[in-house]
Structure formats: structure tokens, C-alpha cells
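Each of the two complexes below includes subunit A, the first together with subunit B, the second together with subunit C.
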Partner chain A sequence: MKIDTVLHSDYTVVSIAGEIDMYSSPALRDMLLTLVKKNTATVIVNLKEVRYIDSSGIATFVEALKKMLAYKGKLKMAQVPDRLMEIFNFSKLDKVFEIYGSIEDAANS
Partner chain B sequence: MKSNVKNGAAASKKNIDKVTVSASYLRNIEKKVEDLESIIEVSYIISSTLDYGKLISLVMEKAKHIMQAEACSILQYDKESDKLVSEFAITGQRVTSNVLPKDRVTFDMGQGIAGWVAEHLESVVIKDVYLDERFYHKANPLNNFKTKSMIAVPLVGRRGLLGVAMVMNSKDRNYFSDYDAGIFQTFCVQISAAIENSRFYTESVKMEKFREGLEIASVLQKSFLPETPAFRKGNLHVSATNIPADKVGGDIYDFTEPVNGSIGVLVGDVSGKGISAALYMAKIISDFRYKSKMIERPEVVFNRLNEGLSNSPMGMFLTASYFIVDVQTGQFAVSSAGHPPFLWITNAGVRIMDIPSGPPLGILQYEYISSGFTLKSGDRLLILTDGVFDVINANGERLGFKHLVAYIKEHREKETLVQAIVDYVHDFSDGAEMPDDITLVELKWQ
Partner chain C sequence: MAIGTNPIVITIPSHPRYLSVVRAAAHLAAEICGMGTSGAEDIKHAVDEACSNVIKYAYKCDITRTITIKFEDTLKGFQVTIEDSGCKANIDDIKIRELDEVRPGGLGIHFIKKAFNTVVFDKKKRNGNRLILTRYRNTDEAAISKQK
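Entry: the complex of A and B
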């Protein structure tokens, strides 16, 4: 798994590539919690290059989201591949996360 | 002539072989042989000592003896803090002092002679430490011991720096010689190997304990599942198949009898794996059994359960479906919290029941709802966890929900459908590690 973070003036984009599973999610957690500690207002997670996510990976996003909601921050998902969308749909995570087709849409919403 | 030449050559060879050496040279050679023999003997003893504490005490004692030194100290390199830590020291009068944490002396890399040796990975022989600017007076791991001369050698293993070994003050001379340094360096190669072996052993023991812990967690986790995986009540037959993953997974299922004449069936999947998932599952099962008592509506149970799980650590959550079936009429109500659709198998075909569902439990405040249906004779419901279709084969391909449903449609008439699905999933994975638990619960209406 690779994580790439780009800071913009109004939001931060976290682009992830590879598989998010119980082995790789601790690194993702560290990254997200660093942003949470800084009270980052909007985090857009670009999932375009993610091949697979397991429940540990989803829990990592849930934890970040819960912590962000406490200071009214927003965690948005963008460019979710079909394979992941199936998991998100089954798990009804569209009720949990805001999901957008592109980073621009996520940024402008 | 020829024979003379031959004799001459033989005579000159004989002259070359004959070497005269001084008595002191011979004594030196003898000492070197003795020293190397001692090192070999000691190496044998230390390489068979796996307990780290014992090993270091033994090493220091032997180093002091071989080097005829007044004291010896071993500093351990702590990778995390990038510092050298003095844990053990031995002097002439006192035997081993296993220095307490509060008394531990630490050196930064480059600080003091030990720090310099660790940073440069070079040995040093110092005749008088007080004339050496690297000497760090403030940090002396040996209380009340005055260091005069020393040899310090880096201990290096296959995975890099392990620490620094030092001998202080020669007993019979004013300082150590380069010869002494050579012998100590040879000894330190053995010390490094022994320390590495001992650490490897300690790590394996820890790993073994961790594995045992996981196994116990797995056994405990399964002990929370119902004792009998199959039963019949009225016209309803219920049977469950649960195959745990190689690591401790988080699938759960449970049967309840909320009120007389009805049966509750819960199928869920806790996020994550390992001991944390096992503990979380244990909490969920006990919460569920308590909160589902006397409650006839599945959505009410989910609302109560969700409230109790709202402070889950590390974002942990539960996807679940809860069915409450009237065993006389076949009417049932079902609530889903982010759980995969269940399958309704009838004589006409297989329906994917993607009912209105809430998010997984333990994430958000939410008002769950339920959907109501009625079973007819011969109908079967198949409730599964994502482990069934998330299975991967040796090429890294996932089975996927669509392929699984296609298989079920094709074999829906089989009496032993659940077993056929399990076999199909196993054949697909073809010996690849199972990433998740597999749970299938079948409700059959006669």
C-alpha cells in the first residue's frame, strides 16, 4: 500500500494505492490520525488505485470519521473503484461516508 | 654432476625450513594459542546459552578473565531511541550488577568512547582515557570504578549494530596492547553471534506465546457460538456452518427465542481480525443476548445494540442481519445493518434480498427498520458473511458475490446445498490461505 498526501488550502487529498487490509491499515491510521490531530477541516480520500479493502481498512476510516465529526470535520471518499463500491454498497457505507465521483466534486461540495 | 645439483637443492631447502626463533617470540605464539583456545572453549559455552541475561553475565565474566581485565561492560544498542544503554557491568570486587532502570546510563550515538565506537563501527584501544577527548566523565556505568585504559569493540550482527563491549584496566600491565585488542575483537565476533542467537530465541518464544494467545482467543471465540449448530422448531429447520479463518476472524451467529413461538437468528461479522476482534465479538454476543430478550422486533434490538456499541474503539463495527421468524405461520421480520443481502431460494429460483438496510452497528446514531415476509413450504433462506465470496485463489482473484450467486442458482435444488457451497469455495481457493471466516446459516420452511 502507498499513501500520498497533498495539502490544498481548503482540503487535504490522501491518495492510496494497493490493498488496505489488516497489515497495511496501521500505516493509514497513523496518517489519518496525524491529520485529525491538526483538526484538518476536510480530508478527501482518493481510492482510485485501491484494489481491495477489508473490514480493518474500513474501520480505520470509520475511526477517523468519528474523530473528525467531533470537531465538525469532513471525511469524503472520491473515485471509488467498482470493486470497492460493491463492498461499500453491501456495507451501506454510503450512509456513513460522503462518496464522490471526482476529487473536484468532493472539493466543491 | 646431476646428483650433486640434486643434493645441493635438497640441502638448501633444509636450510630454509630451519628457522630459529627467540624464546619471547615462542612465548608469544604459545600465549596466542592459549588465548585462542580459551576463546574457542568460551565460545562453545556462550553459544549454547540462550537466556539473554545469563548470557551477558557469562560473557562479561569470561571476557574479564581472558583479557585479564579489572572490569567489563556491555552496552546494548536500542534501535528505537538510537541510544546505547548500559544494562550490565562487572568489576573485580562486585559480581554482576544488573543495573536497575533508574540507574541505567545511556549514551547518544557519538557520545563518549562507546558512542564513538558505535557510530564509527571501529574498535579503539586507549592507554589513558583521561587523555582522550572522547571520554565522557559524567556517564560511568561502573560506580566507584576508576577507568584508566580500555578496549572498546562494536558488536555487529547480521541485522546491524547490537551494542558495544568494553574491557577496562589491564590487571598485569598499565594498559592494553594492540595484541590484546586483536584477541578481544575475535572474542567479540563470538559474543555478537551469541547475542543474536539469544535475541532470535527470545523473539521466537514471544511469537510462540502470541500464537498460543491467538489460539486461545480463537477457542474462546468459538465457545460463544451456540452449542448446537442445527435444530428444528415447528416448521422451521435452522442449520449453521462456520469455518474459522487461519487467523482469528470475527464472524458470529446466534439463535434466540425472544418470545414463545418465535425464533431469532443473528448472523454478523465483526470488523478486523485477531484478539481485538475476538474480544469485541464476545462483548457483542453478551450485549445481544441481554438486549434481545423478550423483544419481538429485530429493528428494536439493533437500535439498542447500536447505542451500546457507539463508543467502539478503533472504529470497530459489526455488520449483521437479524431475523425473527414465527415458527407457526412462517412470517418473519428482518433487519440488516450493512450486512450482505440474503438469498431466498424457492422452486422458481433464487432471489437476492437486498432489503433496505442501515449502516453497520457501532458507527452512527441511526433508526433501523425491518422488512416483513412470509415463507412458503419448501422455501429456504441463505444468510452468509462476506468471507464466503471474498475467498481468493492462488492467482489472487476473488470469487465475488455474483459468481457465488451464479453457482447457487445452478445448484439450488441440491438438498445439501450448504455443503456444496463450502466445497465450491474450498475448490476455488485451492489451498490458498483463507482470509476470513466463512459462515452460512440456512433457514428451511417445511
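Entry: the complex of A and C
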């Protein structure tokens, strides 16, 4: 798994590529919690290049979302591939996360 | 792999870095056994979650142990057997959350039950655990969900 973070004036884009599983999710957790510690107002997670996510990856996003909501921060998902969307739907996380078709849509919402 | 032929058996170290090997093998074996593209994806996910549970609960994150996974085409359907030599699993100890409840963790079992018609711990195994997962032939996702 590869993670790229780009800081913008109003939001931060976290682009992930590869597979998010029990092996890689701790690195993702560390990165997201670093942004949480800085009280980052809006984080947009670009999932376009993610081929797989397991329950530990989902748990990582849920944990980050809960921590961000505590300071009224926003965690948005963008460009979610179909297979991941199926998993989000099954887990009912489509009702929990704000999901957008593009990073621009997520940034402008 | 045809019905009744020798199963595919792989043994991996109990380190999370090898879960990608299990996923690749599970997906290919399921496709060869005619589980379809969507079925193979669900099976891959379920087997990954089951092996993650072995590392977390049976081995308590000890990465020096092994997990053996057997893929088999049987008369019943596609069968996956996952064996470890760790602590006895108590299904009640494994965190499960309602899908409506939003909190980290507890989703793995849902993914396993989504992919397989039966999820059984073999009580005859004395040391460690033997989890037997079976997806019936010609059952679709909707049929599995209906049974739950």
C-alpha cells in the first residue's frame, strides 16, 4: 500500500494505492491519526487506486471519522471503486461517510 | 481442480504480510471451482478475514506460528478449511457488531457469513482450531443472505 498526502489551503487529500489489510492498515491509521492530532478540518480520502479493503481498513476509517467528528472535522471519501462501494454498502458505511465521485466534488461540498 | 481431486493446500507464517498470498490463492481456487467473479471476490475477502482472526485471536499476534489453508472442490460445493495450533476459538469471544452499529471492528464475521453458506468450527480437533467454510454450488449471494 502506498499513501500520498497533499495539503491544500482548505483541505488535505490522502491518496491511497494498493490493498488495505491487517498488514497495511496500521500505517494508514498512523497517518490519519497524525492529521487528527493536528485537528485537520477536512480530509478527503482518494480511494481510486485501492484494490482491496478488509475489516481492519474499515475500522481505521471509522475510528478516524469518530475522532474527527469530536472536533467537527470532516472525513470524506472520493472516487470509491465499485468493489469497495459494495463493501461500504454491505457494511452500511455508505450512510456514515460522505462519498463523492471526484476530489473536486468533495472539496466543493 | 475438479470434484474429488486433490485439494490445494498452502501453509503460511502467521504474519499479516502473507495475507496477500492467501487472498490470491483463495480467489484463483474459487474461480477455478466455478464460483464466479463476484463469488470469488467474496470468498477471497472471507478467507482473508478468517486468517486475520487466527492471527489476532488464536495466535494473539504471535507471528512465528503457521496457518494451513485447504481449498477443495467437493460435492457440496467449494470448501475452505483453515487450521491453526493456537488458542481454542470461542465464537462468542470474537467481536461481532450489528451492521447498523457504527464503531471500529466486529465486521469480519459478517464478511465470512456473506461468502459462505456454512461456517463451522470442527469440535473434533483437540489442539488449535479447524474452521470449515462451505459455499454451496449454484448459490448466489442473495440465497446466502436469505439463509442467515
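Simple rule for what comes next: the second predicted complex is superposed on the first by the 109 of 109 C-alpha atoms of A that agree within 3 Å, B and C clash if a C-alpha of one lies under 4 Å from a C-alpha of the other, contacts with A are read in each partner's own complex, and residues count from 1 in each chain.
In this text, a contact is a pair of C-beta atoms (placed from the backbone, for glycine too) under 8 Å apart; a residue touches a chain by one contact, two chains touch by 3 or more.
Computed from a prediction, not measured in an experiment: that's the story for all the values here.
Once subunit A is used to superpose the two complexes, subunit B occupies space that clashes with subunit C. Shared-chain residue A:Y71: touches no atom of subunit B or subunit C. Of the two partner chains placed by the overlay, subunit B and subunit C both lie in contact with A:K92.
Shared-chain residue A:I58: touches subunit B and subunit C both. When the shared chain is aligned, subunit B and subunit C each come close enough to touch A:M22.
One listed stretch of subunit B collides with subunit C once both complexes sit on chain A; from 38-46, 326-334 or 434-442, that stretch is 434-442. Of the residues of subunit A, those at positions 22, 52, 54-56, 58-60, 62-63, 66, 87, 90-93, 96 touch subunit B in one of the two structures and subunit C in the other. For subunit C in complex with subunit A, the residues that touch the partner chain are 15-17, 19-20, 23, 41, 45, 48-49, 52, 55-56, 99-100, 102-108, 110-111, 114. Within the complex formed with subunit A, the residues of subunit B that make contact are 250, 269-274, 314-317, 319, 336-341, 357-360, 363-364, 366, 386, 390, 398, 400-401, 435-436. Contacts from subunit A toward subunit C in the complex involve residues 19, 21-23, 52, 54-56, 58-60, 62-63, 66, 83, 87, 90-93, 96.
Those residues of subunit A that touch subunit B in the shared complex are 22, 29, 52, 54-56, 58-66, 86-87, 90-93, 95-96.
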